[in-house]
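In structure tokens below, several structures.
Each of the next two complexes has chain A plus one other chain: chain B in the first, chain C in the second.
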Partner chain A sequence: MSLLNNLLGGTFDLLLLPFRSLPPMVGLVVVSALCSVGMLLGYRATSNQPAVEAVKRKIAAGLFEIRLYNDDIVAIFRAQGAILRDNLRYLGLNLVPMVFMMAPFVLIVAQLQFHYGYEGLEVDTPVLLQVTLAEGSTADVELDLPDGVRLDAPRVAMPTLPGAAWRLVPEAAGSYEIGIRVGDETLTKTLVADSRVTRRSPNRLAPGFLNQLIYPAEAPLPADSAAIAIELHYQERELSVLGFGMHWLIWFFILTMALAFAMKGWFGVTI
Partner chain B sequence: MHTRARRRAFAVALGLLAVAAIPGTADAYVGPGAGFAFVSSFLVLFSTIFIVFASLLIWPFRLLWRALTQRSKIKPKIKRFIVCGFDGQDPQLTDRFIAEGKLPNFERLAKMGCYKPLKTTFPALSPVAWSSFATGSRPARHNIYDFLDRDRRTYLPVLSSTKIGSVEKFLKLGPFRIPMESPEIRLLRKSKPFWTILGEHNIWSTVVRVPITFPPDRFYGAQLSAMCTPDLLGTQGTFLLFTTRSADDTFKEGGMRVQVEMNGDRVTGTLQGPENMLREGNPPLEIAVKAELNRNDNSAEVHFGDESVSLELNELSDWVALTFNAAPMVKVRGIARVMMTEMNGHFSLYMTPIAIDPEKPAMPISHPSYYSVYLAKLQGKYSTLGLAEDTWALNEEVIEDRHFRELALDIDDERKEMFFTSLDKLRKGSLTCVFDATDRIQHMYWRYIEKGHPADDGRETDCRDAIEEIYVRNDKIVGELLDKVGPDDLLMVLSDHGFASFRRGVNLNRWLLDNGYLHLKEGAEGTDEWLLDVDWSRTKAYCLGLSGMFFNIKGRESQGIVEPDDVAALKDEIAGKLKGLRDDEHDEVAIIEAFDTTKLYSGPYLENAPEFVIGYNRGYRTSWDCATGVVNAPLFEDNVKAWSGDHCVDPRLVPGVLFCNRDIDIDDPALIDIAPTALQQFGIEPPKHMDGKVLFKDDAKETTG
Partner chain C sequence: MRKLGRHLLALALLATIAAPFSGLGAGAQTQTENMIVMGIDGLDYGLVRQLIDEGRMPNFARMEREGQFGPLETAASPQSPVAWSNFITGLDSGGHGIFDFLHRDLDNELELPFGWPYASTAREGAPGFDLKIGRWVIPLTGGGIELARHGDAFWQLLADENIPTTIVRMPANFPPIGVADRELSGMGTPDLRGTPGEFFFFSTDRRQFMKSDISGGFIYPADLIDGKFVGTLVAANDNPLTLDEEDAITADFTVYVDAEANAAKFEVGAHEFILQTGEWSDWIAVDFELIPYLQSMSGAVRFFLKSVGPEFEVYVTPIQLDPMAAAMPISEPASFAEELAEVTGGFYTQEMPEDTKAIQHGVFDLDDFLAQTTLAREETIAQYRYLLDTWEGGFLFSYFGSADQTSHVLWGITQDPDHPAYDPALHDQYREVIPNIYEEFDALVGETLDRIDDDTTLVVMSDHGFASWKRTFHLNTWLLEHGYLTLQRRGSLPVKEFFSGVDWARTQAYSVGISAVYLNLRGREPQGRVAPGDRLGLLEDIERKLLATIDPATGEPAVTKVYLRERDFHDRGNIEIGPDIVVGFAKGIRGSGNNALGGIAAEFMSDNTDDWSGDHIMDHRTVPGVLLASRPMARPATSLQNLAAALLAEFGIDGFPDGSEPVTVVDEDE
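And now, the complex of A and B:
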């Protein structure tokens, strides 16, 4: 999984590199277009196209039927019933491609989340770094801060969980690696103080399939580490277009759908 | 994908789904399949709810409006009036097949109500007969006398039922010109069909493929146009033959040869479609045609622009969508079926006439306009051409017997689906549907049921029983129909005319020439089509179309010479000579009588009628040459074409059939009686202009005007 994550992480870093200094929406549109093409090809390969086409025709016929027999209340309700039945059949036909395409898209979305999901840290603005230890661990936790990052306040002990938290302040823009000593071992955590589109990892977690699937931006903690999570509290980001801000995922959904519907004719796909 | 492999992949994917379904950042967007489903389904649901809501909201107001605008209160005797028309079903053959026990459902229907011969119209031609059926009147009131009429100025033939005009005003925009008006498309049939009158009394009608309904009538109901609906080229059906063979000859009837080039296994050519009126000079729209031949397995991949179709040698394709690009964003769409008829040595590809695409019609082919789209969505693409069955291609031997049968029966299946779908939706009102296959199959295969027919060359064919087959298919339709008809429904199964053999052609223009009523231009041989060799300054009478003889009357025709006062005498003279006209070679009477139309009809359009409707004897009909206006041809000749049966004879010889689920009260029903009967059954008094009589005795108090 780590290998896959490294590969995907590198690919997305490379893919989004040209858009790093541009408004985030630009890169997202390009990625959405590429994803739409992939979606269309995947949908075409995994869906039952004749059946999708047939059921969509039936649905359209139902809509015309309501219009045609609009003086006959019984006919209207019959047509509506038929449309609902066909709509369910359509949903059923979409289940197979959904299942096939879900896995790659979860991986893609997870990667994009770390590029578009968080605001970059601002210089001279504090951020909370939290280290959580395994239950029952009594290891001592200390920080080794690189140049350009200072401590804003003394360490705070967490009463409910074993571990500690610090308020850090980046003094200059850039990518940093924070050293964290947990007992005898030394761990690291990335910190990015940069407003451009780049990979930001809010969590570094203990190894595990799900952790790596959902948080692929940083390598997992060593398996025998006393620490089970290192968390840096980046702010969640909203992408704005003409003053209308939404979570990037919603934009991604809209863009991929719109582009896929726009391009379906070129690829000969019935959606 | 193999089923087992698909299942295994599905199971794996389902596992992944289960993993990914665990909440996380990415669970907000679980995949494009879901995305598509969500977006599409949401749109459908939203549209449905909106339309239903709007319909429900408007419904009471519509009811109120209808109640307020209704002409008068009516008291229908029936809930549904259902007419199932089998064009050309012949009483003699029907009797024979019933006697042989092959039509049990017709027999059942006859026992339930009645079965009688149904008097047809003068002439016994489908456009005339179905117009009379619809309007309840004879031709002098609906103005349809034949397929063709003549232009009184030029003497050239024009379509009798429809006028399609051209656009004169354009706005020039670079290389394009934008039409500033719509071309005139007008139905020339006069009088009101019964479905329009029913609509005026808020009674819904569905009218499926009843001839002479192009452009469609506007009334309270739905209608799909039929006979006389043109193909995309604007003709009544021009098949195409893409071929590497010599292109120095054109087909005589209805076809066009298109030269293509073959280079090894590749064939290239161009399909020329309708005129592009968005360009100066109306150049034809074109689609590139390419074929990649696979001679090892007798197949080919044929491309028409972006559309591809895989063909097996001598097998008809399904409908192929043909898209012509007229201008950016402006497309003209048609549909056709194709068949590769040879690929070794020479290449030939047959294409049916390009029908108007019912989903994106280039001309008005239905009322309301989306009705054709609705049917296409419901059952897939279907033929929209008026004379949809390609009889000409079989006549020219471009296709074989079995191909024509397949084309005809496929169209019959399309029609059946339309009919039963419409019947299922109809809770109150009328439904009329005409099936054409009976007529077309009898036209083309009569030679196989009549011993010694000159068109039967004794070849091997599996279509010798095609006529019986279509009657049996009709019987099955009647059987299904009977299962769906209730006690409040009035069902009529009928035909517009019967059928007879067409063994010998008669060229009456030749007879007129020989008898001094028609003269040729100086030096002309009389071999040109459409009477182009005729000297009108000396001609008194001429034949045009399948049944009519016209006089060249002064003041009516542009070069008329017969004084109106002399018409009656000339009529007597010619009628006397034609009555009992013999074919000496066969020692038979060819013409029983020439019927004077002023004695047949009365009505406001009588002046447009031919002077005579020719009553040919069984076995005779106007010859192919006469029908195309060639004068210098034999007076009598054998008909050796596949088109071997016909009904353009003395109408008294070819009545239709009438089966009804109730016994009727008169003994000699006629096609013109159906419309007034329909009105009477819905409690509406038939209007005075209807010539027909009501088939059921009526309590006058129950009807109202």
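And now, the complex of A and C:
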């Protein structure tokens, strides 16, 4: 999983590099277009295209039947029953390509979340860093801060929540590695004070399939570490177009679907 | 060509003939293209004069030198909602219908002569229609809130002339009327709970709980278990979307306290942050769930970690309307509040953000209070600077409230050695606070003067001045002692609850609000006793006795002016709303707050030892505000009531009320 995350992470870093300094929406449109193409190709390869075409024709025929026999209540009910049945069949035909496409889609969304889902930290604006230790751990936790990041308040220890929290302030834009000493071990956590489109990781978690699937932006903590989570509180980002702001994922779905429908003719795909 | 010349000549002749009737004719020549008005609440003429003379307000001095400076007559009674309404409409209270912070409600909900008093500047509209599904209530048409101020606002005329207009935090303008291009509401805007602002205070100090029955806030016990505390913010005691009683709308927050570090970590929804003792958080958006997963309303609060040891104490501001998703209309267009929040950060939306209640109840000490007022002042100044940065001309009004609220707390105890609560130590420590705020505004005026061009006029004005509030006058007690108000049982003083024990069948007059006296009039009050034919005689009798009243502690008159409604308010249309008498107390004396809500004290006058040591609700002639302009104004402005007409005249606009002739307001919707 780590290897796959590294590979995908590098790929998306490279893919989005040209759009790093542009408004986030620009890169998202390009990524959405590429995903649309991939989705169309995938759909064509994994779906039963003749069956999809046939069932869509049947649904259209049913609608036409309602229009033609709108004074015959029995015919309308029969047509509606047929439309419902054909719709279920249509959904069934889409299940197979959906299964094939779900895995890559989840991996792509997970990668994009860390490029588009969070605001970059602002210079001179405080941010909370929290280290959570495994239950029962009494390891001492200290920070080693790089130049460019300062401690803004004393460490807050929380008896009911093993670990500690700090208030950090980036003094200059950049990407930093925060050193965290937990007992005898030394861990790191990236901190990105940069408003451009770049990879940001709010969490570094203990190893595990689900943790790595959902938080692929940073390597997991060592398996034997006393720390089970390191969190840095990036603000969630909303992407605005003409003053209308939404979560990036909604924009991504809208763009991907719209572009896929727009391009389906070019690829000879029936959706 | 000759034909065209004849047409032009005819047009010129027509224009000459029409000019006197057009509002742009002689006497209404345009003096300025653009104007900025800084409305600084409570800026006192005497103190400004003194600081100018001492050389501490060089920019005000520059305005006096190059333009004009003088006292500005305030309203009767000099209470902010009244005073600002005079300015906004050019009318007196008889026209705009605002006589006091509070008005009595003649709806007899309490089985008294009237219902619970309401804030005078806004009222709930008629209830809307609901759809009830199970325990849920879905509102189909909203009741809403209506502005209770009557009369046209002066910026309506600016809008009519297509002059770009921005009105920021104008008092008595909630909900904003929306005739300007951009409006943000100010004084009169409630918090999310619908009150003027109620703080939350959580403390492990058991002594604090003795003060549980307070106004303006809530004090809750804090149980700190293993350094962890879970607190609850209550946005409403009843959820309007359910039929369940006592289904409060709440949001929890968690605090992890590290006494050794003298700091704590807060978790509020998705927000997590650390505060050290004495620190304030940024504005934190808090979601209050109305229907799980479907409907919520957004508020915003700031946390103040007052102490982590030996006692743990956290103050939370009143829940503000979140400017990014305001649950009530605070700006027109709605995006204006969002724009201000996005650019300059979150801000107090409630009417008067300076938390004087917190200091009155001992939740804040003076340093806490001053830190909080500074935060509020910095917000308004940041917004003002942003408006200046983006201003493209026209008319800009911006209100600043900090001088007023700070003066209420500090004026008496720092400026007046004769004040009952005067403390030399406090005087030495805090005597420069008010002058420093004045200097801060002077610097802001200087910044503005440096940024405006020759086509722009800067006006600085205030709604009233200030005085030390040394003695308190209890109007209901005075009425009782003079036989106008009668109790069912003698010797049952003081009365703390709303007119508890009053014998209305034998009561001729009562007081609600700070300086208002109402007759218990037959045909008006449900248990009215005074016959309409006896009204005038009774009013004159009360006036004579009030003016003859001597403060037993000083031997000086306690009342120097009495305003009889029909005699002293000249505008009409809404005069029936007002009290029959408004009392002008002598300088240094103010009506009691307890009296305002129907309390009756044991003595009619007492020393004011409250933490609210300065005030202005006195004889209006003793507490003038100020008026400065960066260039001499063509039309003299001597009072709040004629100021707007003078400002409009600078734009060549005539015809706005200025108090010279009585006006009868007829509302279009009536």
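Observations on the structure shown:
Following the convention adopted for this analysis, the second predicted complex is superposed on the first by the 270 of 271 C-alpha atoms of A that agree within 3 Å, B and C clash if a C-alpha of one lies under 4 Å from a C-alpha of the other, contacts with A are read in each partner's own complex, and residues count from 1 in each chain.
Basically, contacts are C-beta pairs under 8 Å (C-beta built on N, C-alpha and C of every residue); 3 or more make two chains touch, one makes a residue touch a chain.
The structure displayed is predicted, hence computed values, not measured ones.
Upon superposition of the two complexes on chain A, no clash is found between chain B and chain C, which fit side by side.
In the superposition on chain A, A:90 makes contact with chain B only, while chain C stays out of contact range. Using the contact criterion defined above for the overlaid structures, shared-chain residue A:153 touches chain C, although it does not reach chain B.
In the superposition on chain A, A:12 makes contact with neither chain B nor chain C. Of the two partner chains, neither chain B nor chain C is touched by A:251.
In the superposition on chain A, contact of A:118 is made with neither chain B nor chain C. In the superposition on chain A, A:165 makes contact with chain C only, while chain B stays out of contact range. Touching more residues of chain A than its counterpart among chain B and chain C is B. Of the two partner chains, neither chain B nor chain C is touched by A:234. By the touch criterion stated above, A:176 is placed in contact with neither chain B nor chain C. Put simply, the three-chain overlay gives an angle of 110° at chain A, taking C-alpha centres for chain B and chain C and rounding to the nearest 10.
Minimum Cα-Cα distance between chain B and chain C in the superposed model: 15 Å.
Common to the chain B and chain C contact sets on chain A is no residue at all. The part of chain A that touches chain C in the complex is made up of residues 126, 128, 130, 153-161, 165-167, 233, 236, 243. Against chain A, the residues of chain C that register as touching in their complex are 225-228, 256, 258, 260-265, 270, 272-276, 279, 335. Chain B meets chain A in the complex at residues 9-10, 13-14, 16-17, 19-20, 22, 24-26, 28-37, 39-41, 44-45, 47-48, 51-52, 55-56, 58-59, 62-63, 66, 204, 222, 368, 370-371, 373-374, 377-378, 380, 425, 427.
If you check the complex, the residues on chain A that touch chain B are 35, 39, 42-43, 46-47, 56-77, 80, 83-84, 87, 90-91, 94-103, 105-106, 109-110, 113, 117, 209-210, 213-214, 247, 249, 252-253, 256-257, 260-261, 271.
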